[in-house]
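The following pair of complexes shares a single chain, chain A, combined with chain B in the former and chain C in the latter.
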Partner chain A sequence: MTTPTAPDSMYRNDEGLGIWEHRGKVAAVGVGHAPTSRRWDGRPETCVGAITIDALRKAIDDAGVAPDQIDGLVVVPVTTTGAFWEAGKPLPMDVIQSFNQTDDPLDGIAKLSAEWLLKNMPELTNVNFTMYGPGCMSNALNVTAQAVGDGLTHTCLVVKSWHNFEGRYYQGGANAGAALPGTPAITQLWGGPASYSTALQFAEYCRKYGKTHEMMAPFMENSRRNGLRFPEGYWAQHRPEELGPEDYLASRWIAKPANLFDNDIPIMMSGAYLFSTAERAADMKQKPVYILNHASSNTRPRSLLPTLDEVEADTARTGRKIYEGAGITADDLSFENMYDGFSLFHQFHLEGLGYRGIKFGEALDFYQTDISIEGPNPVSPSGGNVGSGRSRVWMHTDCIQQLQGRAGARQVTGVKPEVGVSGGPMPLGGNYTVWSASPD
Partner chain B sequence: MTVLISFDIDGTLEVGDPPGPLTMDMVRLVREKEFLIGSCSDRTLSAQRAIWADHEIEVDFVVGKHMLPDVKAKFDADVYLHIGDREDLDRQYALKAGFDFLWPDEAVAHPHFQPDS
Partner chain C sequence: MAKQGVDPDELTQPFWDAANEQRLVIQNCVDCDRLQHPPSNTCRDCDDGGALEWKQVSGRGTIYNYGVVHDCPVRLLQEDQPFNLAVIMLDDDPGIQMYSHLPGVPVDDVPVGAAVEVIFEPSANGQLVPEWRVIDG
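Up next, the complex of A and B:
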């Protein structure tokens, strides 16, 4: 079976599309996460392929579905955190030979194909739909929701995994070559840290609105607090360290005004979900969480980096698309789980949504109020990447678990969990999902 | 002679992630020699304090990677030494701040970490 990358027609990129045609007819049911680790230790049972299988099987079990009932699989094929298998480095043949292989020896180690997964999950006997959602889970969720809604699959797994190897990030891969093709030839020429464009936007934001980096501290503390209540996350599992204002503000600059903790920590992880039609989901083990809409931004900046003006215009446009397709307004959001890895752009997403009525330039003031899970205005109850490490997955898991009422110590208590929104990654260029406890 | 030693944690101390070759007993040894000691790490300040408290080792400072100049300004010593496992984040920062520098495996064999005869 050849697995295609999702075509543009599966995404809802434009305003004016109206209510999503499958609103409330697609549901997420099962959630599965593999244990996290800081870096791969070289063992077969902890390679990115193995942890992906673990996460998928947990999602299947969580949903209470027989594996032979699953007919779809959506995969994010890229798994790098910025760490690459160095050219010329000997292949780990013991690991490769521990699995059924594809024609790419690094499949399951430094990347992931649907073919590799199906070869190594023999219980998935009836999968006849596979597709790639490039980039991150936010993208793959849009693809999965649309595929289930369109009837391409009725019970579909979707998975995103990350590998992390020893060494420096973004020093390998294309960056290690003598030449870079296309736009990266200019944007990456000087080797700026990955967060530098966000840092520039944030610096301009502070100048424009008279804000400071110090005003991020409550958000960071709250996010880590929520993350330490996320048992699937890295910090909760390995280093239960809080991130108070002194800790955050004493950290060194990576790309001023982005400091170390404004950059998420790369980890090994895998997260998976089981989606189905609303009808089928009604008979599964967990409470269905209905998809009210998915929306995307494919806006390209005018120049090398998006300006603050472009960021604000596009996050506002994204907010309108999110609400339009879901048939809701900002007032209907119980909580928000927009992306935060880099933390300095979370407020762009928040302001684009108009969450709790905030306008551009007001989010950092909003952070100085009660944004906890116990309050009336929960911000990032998942804790995001700040709270649990680089994955771009926690926000989605949290939406599902909050609306199922099984977020545990992280459960929002200041609001009734009815509708949530999650997605990212970047303010320009992202994919978003609106989740609901009810199909209506 | 007053010696000040700054320890990186991850990849340097046995309690780091990854663990390094310097044991906490070695740290206790230089503490007993009345060296000024502390940690200089990308770990949060509160996490650094927690590590030392968990091992009941009293330290003179905990700082971030970029704060060695502050340490040198605050403490009067004859020797300033930083021990770490990274070229960019340990050795370069240390030398720039006017510290001597040792890799962790060099430090283990250094006379500072041997009992006084």
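Up next, the complex of A and C:
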């Protein structure tokens, strides 16, 4: 079985599409997470393939579904955090020989195919639909929701995993070389770190609206606080440290105005969900969380980096698409879990949504109010990547768990959890999901 | 600041050749008459991918925005940290951006909005690379 990448037709990129045709008819039920780690220790049982199997099995158990009832699998094939297996580095044969390998020896180690997973999960005997959602869980979720709605699969697993190897982030390969090929040279000769583009958008935002980097501190503190209540997350598992304003503001710059904590920490992790039709979900072990809509943006910047104008136009458009397809307004959101890795763009997502009525330039002031899970205006109850490390998955897990009423110490208490939204990554472009405790 | 060298490829050979002649050229679509940068093989605005030419531009611009890089992934630039990394908008079309280290401008003391002009600096393998300096007065 060859696995195709999801076609463009599965995404809802445009405004004016109306209510999503499968609104309330697709549900997420099971959640599974593997333990996190900072980097791979080289053992077979901790390679990215192994932790993915772990997360998938936990999602299946969580939903209480027999593995032979599962007929679909959506995978994000890219697993890198920025770490690549260097050319010429010997292959880890003991790891490769521990699994049923595909033709690619790095499958399950530095990437992930649906074929590899099916070869190593013999209990999945009835999977006849596989598809790749490129990039992020946010993308794969859109694909999964649409596939279940369209009847391509009735009980579908979706998984995103990350590997991280020894060595400093993005510092190998071309960045260490004496010369660059002409095309990448046009953008890479100047050496901007990964967070540079976001840092510039934030700088422009601060100049335009008279805001400061210090105003991010309450958001960062809140996000880490929520992350420390996320037992599946990296900081909760390995470094249970609060992030107060002093620590945040004293940390070193990476690309000023982005500091170390504004950059999410690369980790190894795997997160998986079990999706099904609303009908089948009704008989499963956990309370179904219904998908009201998925929306996407494929907007690209005109030139090297998105300008603030481009970002604001696109986040506003994304907000309209999210609400239109779900048949809701901003007033219906119980909480928001938009993406935050890098932290300095979370406000763009919030303002595009018009969350709690905030307009462009107002989110940092909003951060100075009660944004906790106990208050009436929860911001990022998942804690996001700031709170649990780089995964782009926590926001989705949290939406499901909040609406199921099993977010534990993170459970929102100042609002009734009825409708949530999550997605990203960057404010220009991205993929978004609207979740609901009820199908209508 | 010593930048990595450049090995021009098919797409960008005209850009780098012009730089060696101290001229700044940017891709332009002959069909929709719109500049685009970074370069690509087809026009990103024309649905059928309009034909592209290289057009010489004035070499004047303004500083649109900047950050200060303290932790750079490029090994060769690490000894110069921290350094300014600015985005220039071209006067010919303010939607078109180019990067600059702003030689001569003190770190984190960047005059956003100031007028700049292109200069050309040798990279590690001698290829000239466009840079930008603030126009006095």
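Here, the second predicted complex is superposed on the first by the 425 of 440 C-alpha atoms of A that agree within 3 Å, B and C clash if a C-alpha of one lies under 4 Å from a C-alpha of the other, contacts with A are read in each partner's own complex, and residues count from 1 in each chain.
We take it that a contact is a pair of C-beta atoms (placed from the backbone, for glycine too) under 8 Å apart; a residue touches a chain by one contact, two chains touch by 3 or more.
The model shown is predicted, which means the values in this text are computed figures rather than measured ones.
In the superposition on chain A, A:E242 contacts chain B only, with no contact to chain C. Put simply, more of the residues of chain A are touched by C, taking chain B and chain C as the two choices.
Within the superposed three-chain model, A:M93 lies out of touch with both chain B and chain C [touch as defined at top]. In the overlay built on the shared chain, the residue A:R38 is in contact with chain B alone; chain C does not reach it. Within the superposed three-chain model, A:R252 lies in touch with chain B and with chain C [touch as defined at top]. Contacts of A:R302 after superposition on the shared chain: chain C is touched, whereas chain B is not.
Common to the chain B-facing and chain C-facing surfaces of chain A are residues 252-253. Those residues of chain B that touch chain A in the shared complex are 17, 42-47, 50, 63-67.
Within the complex, the chain C residues that touch chain A are 3-9, 11-13, 15-16, 36-39, 44, 64-75, 77, 82, 85, 87, 95-101, 108, 112, 123-125, 129. Residue ranges on chain A touching chain C, taken from their complex, read 169-171, 175-183, 185-194, 196, 199-200, 203-204, 207, 252-258, 300, 302-305, 307. Of all residues in chain A, only 38, 238-239, 241-244, 246-248, 250-253, 260-261 touch chain B in the complex they form.
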